[in-house]
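Chain naming follows the written order as A, B, C and D, and within any one chain the residues start at number 1.
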Amino acid sequence: MLFERIESEGLAHYSYLVGDRGEAMVIDPRRDCQVYMEKAARRGYRIRHIMETHRHEDFVSGSVELSEQSGAEIWHAEPELEYGYGSTVSDGQSWKIGRLRVKSMHTPGHTTGHMSYILHEAGGAPWIIFTGDALFAGDLGRTDLAGPNRIREMTDLLYNSLFRKILPLGDHMIVCPAHGAGSVCGESIADRFWTTIGMERMHNPKLKEDHAAFMSGMARELERPPYFRKMEELNRTGPPLLWTLPVPAPLSPAEFEQKAGGALVLDTRMNASFGASHIPGALSIWLQGLPGFAGWFIRHDIPILLVLEEEDPLPAVTYLARLGYDRIDGYLSGGMLGWQMYGGESHSIKMVPVESVCRTLDSDETAWLLDVRGGDELGREGEIAGAHHIHITVLPQHIDEVPGDRPVFIFCGSGLRSMIAGSILKREGWSDLSVVLGGTAGWKSARCPVRRP
Amino acid sequence: MLFERIESEGLAHYSYLVGDRGEAMVIDPRRDCQVYMEKAARRGYRIRHIMETHRHEDFVSGSVELSEQSGAEIWHAEPELEYGYGSTVSDGQSWKIGRLRVKSMHTPGHTTGHMSYILHEAGGAPWIIFTGDALFAGDLGRTDLAGPNRIREMTDLLYNSLFRKILPLGDHMIVCPAHGAGSVCGESIADRFWTTIGMERMHNPKLKEDHAAFMSGMARELERPPYFRKMEELNRTGPPLLWTLPVPAPLSPAEFEQKAGGALVLDTRMNASFGASHIPGALSIWLQGLPGFAGWFIRHDIPILLVLEEEDPLPAVTYLARLGYDRIDGYLSGGMLGWQMYGGESHSIKMVPVESVCRTLDSDETAWLLDVRGGDELGREGEIAGAHHIHITVLPQHIDEVPGDRPVFIFCGSGLRSMIAGSILKREGWSDLSVVLGGTAGWKSARCPVRRP
Amino acid sequence: MLFERIESEGLAHYSYLVGDRGEAMVIDPRRDCQVYMEKAARRGYRIRHIMETHRHEDFVSGSVELSEQSGAEIWHAEPELEYGYGSTVSDGQSWKIGRLRVKSMHTPGHTTGHMSYILHEAGGAPWIIFTGDALFAGDLGRTDLAGPNRIREMTDLLYNSLFRKILPLGDHMIVCPAHGAGSVCGESIADRFWTTIGMERMHNPKLKEDHAAFMSGMARELERPPYFRKMEELNRTGPPLLWTLPVPAPLSPAEFEQKAGGALVLDTRMNASFGASHIPGALSIWLQGLPGFAGWFIRHDIPILLVLEEEDPLPAVTYLARLGYDRIDGYLSGGMLGWQMYGGESHSIKMVPVESVCRTLDSDETAWLLDVRGGDELGREGEIAGAHHIHITVLPQHIDEVPGDRPVFIFCGSGLRSMIAGSILKREGWSDLSVVLGGTAGWKSARCPVRRP
Amino acid sequence: MLFERIESEGLAHYSYLVGDRGEAMVIDPRRDCQVYMEKAARRGYRIRHIMETHRHEDFVSGSVELSEQSGAEIWHAEPELEYGYGSTVSDGQSWKIGRLRVKSMHTPGHTTGHMSYILHEAGGAPWIIFTGDALFAGDLGRTDLAGPNRIREMTDLLYNSLFRKILPLGDHMIVCPAHGAGSVCGESIADRFWTTIGMERMHNPKLKEDHAAFMSGMARELERPPYFRKMEELNRTGPPLLWTLPVPAPLSPAEFEQKAGGALVLDTRMNASFGASHIPGALSIWLQGLPGFAGWFIRHDIPILLVLEEEDPLPAVTYLARLGYDRIDGYLSGGMLGWQMYGGESHSIKMVPVESVCRTLDSDETAWLLDVRGGDELGREGEIAGAHHIHITVLPQHIDEVPGDRPVFIFCGSGLRSMIAGSILKREGWSDLSVVLGGTAGWKSARCPVRRP
């Protein structure tokens, strides 16, 4: 048998490769799908079926790519995909994978066509359920994607899917969702990398509630990154085929400078490197932050130029390709060191350790504190007295709320997201910016005052 | 977090590397423990604890090796290990691994000091139980290792461990045993690579029974490979340290010939290659069969010389080191092709396809059929009319039952084990031997007659 | 800088990846060109130029594939390629790769458009010459490919290329040819993996001669595998793009049996495995023998089904793709063991060790000895008294010379090629066949009589 | 055959693994010698001989380690090693490696016992010379290691070794030295990764001269890092065995803080990261700079604590182990981000882009310019008007020349070494420090004034 969970870091996306007796299926593949082809081929499996639990909004589905490369059939049940590609699944349909059997179960709520797939073991017993975005470890899929006026309807559907379909399967069943901790698809997915229906029944805070509480708990709109719309479009019509990842060109500082005018300069180095010296106009998102933040701040219709910490551009390219960014025109060969030796113009953003900020703020009355953490973090971790809160994800829309004539001190949890914010403000002309290294975590460690909500 | 199941192929041994916040533990490590060191180091974890569920009989424990390399402490509760190394676990003891907690639970039956370890997630809920050899997917650990007169006592202990301790933890808990399908530690471990207490409660055939049925079902002696005694001794006193795997010397045919006198020639090629041509006196065990069969037929006090299919000797060396075979004096450079080009003496064993055997046996009254399958297989798959049954594992002790003056046709399930048998008989002077390719599986596929028991 | 020689095993084909300051070129790339893309990308190089020394006959050029994947320009000077793709090189043309410079030098003889490329180091001095198939270590490229009536003309061209162009560059220059020992492109390429012009001037037997001796030594026609014509065609028109290697389907024995009718069954196991048991009609070529022998015996217009020793089909697929075999319809899942367990029909070919053949041949007057070695080997190693010589490569054309009513004993150097011959004869109906294990090497080792020519 | 050059990055150390017919030798192995064991074992080679060209000063020799692991014999000819381990080579001694032959040739000058080894190919012709530190591409080994009063004597020996022994072997021979471009063992080794005697005869600037010019050119003392003495001692007596690389413990910020008192904090992040925020008292050497700079500034008798850019500590540990630093007590888990979130105290060093420095220096009369480049660079690249020159390697000894009461602007070629200098000055109490990003390269690119010497 073959059973592998393939995790796409950053997205916290889980896909699964399941096989028996030479036949395999993949559930919710990612776009860079060579991993499934290789693993299957080297172990002697043929990928026969590609199962989509639902139409994904947070990444480019790899189903079309994998189908082209493997010849496998795509199965899904989202109405709007119907004529695009693949075959429509109906509730209770069944497939054989060697001695195993897979059955579909309609579990709407996150989307209307959301399917779960139940894997039965060789002996016939139901064993593992692939729950897509219906049920996560410690969380549930959001129900606000069909629009604000359908939230109640979708939430009610999810309630039924969970309490009338999934939970009744029994505590003993293993739950394999499409996301783990860190995904934007759940507010607070738990760090419980393997789970069961019983674990969720007992410990998932959203499954303890009665119907009314469930409805009111779920029925609110969450943030939606602007790139979701692009993902929807790509996943509905079928994204461009890659075959292999595009390899961006290494550009000399002079070439880079020349091309930078018509492109977005994306700098994936860590916050401190960026703050110390960066190319004017660059957007800062540290490498591991790309899956979570690129989609909020980068348009799909502008070419990207990369500034990297490391020599190898492929990790950044992989992260971006998963979000549909295929136009990467090059990267700065030799990195920022090369740029500096070339005498290229560079900017910096002040960085201050928390203890010095404590002191500064006591005395500096003009200082304006910007806290870019999310609302839930504020509730959980406490607020900083006197800080103005603009969530990093909506900073571009609310940028005018930040004063241009006062020293701005930017906080997040650690100092990473505040450097994104710093780079956005800097691009737009703000100049007296200070990123607080260590963020609110350091703030509390250093016993600076925090106001509990 | 870090959670990896490391599987030792062939032995179907599972060990686990679990970590959180830079701290890690390993449950039941194997001897070639570089895998834990590497995985932990590269991800930034320090191995702090090594947990032994019990004293293993079927492989050399890697605890001492890993403790030397990592500095981690060894924990176990087998009385006879007590003064050797490590620290004694008591029931209910608890350890922290980052935000996780692990608690021991005494679950005797397989051995008297058998411990299970319960992993609690960050929030505190019991989550995963490492059951060692107490509970497998679809099977239970054997209870006959303390000797025939203690079987009832040990079986009763296991009953209590299962029904009063493990099962009451709840259906939802994930079960992580020390072995998967294919291990000699269970008769019939299921091909259910991840399981839960609920799955076992419902589908493990040995857990459905009442106490009396349980006692009578378990209370019988199983086969015990002779190398178990050596494993016991090594695991009690601490095996020799390896640091890195020993690399045997490539030997020219002439060097090999010279050394072959004082050594066992072990040929790990597939059955057909061996049958076609092999070095006189060689023992045949195909590469993937080493973990399961080497221990039955190879003594620990004689050096081994290898004949390989492939250039790389390390896979065979790894399998043998896990069973405590450290004296591998070399391998035949250039393989059998080189031996043949050298003009070295070679022997062969006849191989016959099943359909021709059907016909032969009809007409040849002198033919003597030897079936080397296990008793359980005979019951499950049916017997061949007129065949004599000697399980491959006890062939050396029962070799005199095989006539020397009649043509012997050797059967197993496929033709792999029968070539082991063929090589054993050939070494001892039998000459008119035919291995049936395809074995009883082919026999039945070809619709040759099989007698149901 | 970047300098890597990429060797395609079996073909003994050398390609080169050379780079400086972010710019790279590839000389004579192979078809599975992911290796260049990966190595360049991860180290920060962009492949700018693809240099073809000549139109290859012995493998599918990877230039078009690599150009598609990298965007690099293809350079060559073969007139018949001119309108197909790429740009035409003229003698003395020059390119920059970072601080390095490459210059072309027209070195016809092997082909009319054959180019060598001279790499100049950063300081400007000529340093390395990529000689393609003009000059190998210990050998020269063949001059008979333009047809028998142009051999003298082409040989004379080669003489000039060598003695008036390449050798005058000086003893100190490093020579990087397109092939190493084992290639069909040279009769006797030396096992001298790095060489210089001086080493060749002094030790290459074909470079010591005067013009007349050179002409008579070179001016003879060598064997030409039938697949050369296909390679010519593919390399002239541009081979189909792969992007990634095709992954053949694992087929159950029943599926395999069904498809076998319309396909060639190619068995890549070692000789002894094949002889012991194989699918009727299968062609035997051991895995590492594929690059050298598949092209002689396999047509490009028939689908291939594979029988493998190992689980992983990709090594065989890679070897075949390099020779333009893209129609691999599947492979036997579970290998021959699975086939035997399925009860599939199987054949065998007798295998005999040399010492027993010595004795047999002394007494058996009907025995017919077939020696399939090449003419040069016979001259070098000696002939077996009474043997009939048909080179393995022309056996299909001369098969009627082998008697059908006498026991045939097949010899080659080791026993590998004789199993190819055995499988070809068996397919065509010969039945009393014996492959001599160890071949003439074993024959001599065992002191059986060999007749010196 | 087997021929691999194994390059130890940073040290620019080359070792060689050469084999034929199952026998192999290693020339000048490095300490982390698993690479030779693995490569030999997987390809079927036994390492029989370890050849030392000379006693190395710039890294810990791996001969003893490799000999322990492989059982191979060590050969060398340095008198002071004689009784320690291994066997003494005499001039003209010869060894067989399969069909190859190796002969020693005494080539003193760099050391008195320096041996070169000449590899003869299977046919018998001399082919490759391993020249150790006698002859590099474009450079020669230094002759000042035996002390200032023996320079002329050693230089004369080297002259004889080169002009009477090595060069007469002929232009065609391939030269394989112990170092490539970037090593401290040659002043200016060329970026010519493969070379020949002829290439060196023609293009090595030090080989063009007559005896008198040779003597005066070579006969001067070069810098000698303080760690050379430690290397000498270790290589004379035999360094401690590693078996596997030590894995340092990940330390939480609290643990790290506690241990930092008695240890050296070594920060291997890039210059900009370090400048932005670092632990007080930390020494800055960027990761790839460790092989070249750690030996100058780090004592062997103090434990090291690491601050890393990446999660994986093994690259830094490998670099340090090669220089004999085995006491690495841990590394900061979570990196500087974790430290900042912990609220740990941090310092910073100002960083300024070149263009702003130009302007500043024009107006700021108190500014003190510190140029830490080497004397040869100053000559080659030009000096900055008004700068004070202290080579980075002797900064600790000349630290008092740097004024404590003026703003210090630190220059090197790029900004990397100046951050080392900055960290050294900061540790010793200097506070008004600015590292010039881009260094003199940027300075020139930005057209700031440089004074030619």
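Note that in this section a contact is a pair of C-beta atoms (placed from the backbone, for glycine too) under 8 Å apart; a residue touches a chain by one contact, two chains touch by 3 or more.
Model, not experiment: these values are computed from the prediction.
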Original post:
Which chains are shared contacts of chain C and chain D?
Top reply: A, B
Original post:
Looking at A-B, B-C or A-D, which pair matches C-D on over half of its contact pairs by residue number?
Top reply: A-B
Subject >> For chain B paired with chain C, centre-to-centre distance based on mean C-alpha positions, whole Å >> reply: 43
**OP:** Could you grab the centroid distance between chain A and chain C? Build each centroid from C-alpha atoms only and quote it in angstrom.
**Re:** 49
Original post:
When you check chain C against every other chain, which residues touch at least two of them?
Top reply: none
**OP:** Using the touch rule from the top, collect the residues of chain A that touch chain D in their complex.
**Re:** 270-273, 275-277, 309, 336-337, 339-343, 345-346, 348, 351, 353-355, 413-416, 437-439, 441-447
Original post:
Hey, which residues of chain D end up touching chain C in the complex?
Top reply: 1, 3, 121-123, 125, 127-128, 170-174, 190-199, 201-203
Subject >> Touching residues (chain side chain A, partner chain C) in the complex >> reply: 21-22, 34, 37, 40-46, 69-70, 243-244, 247, 249-252, 311-314, 333-334
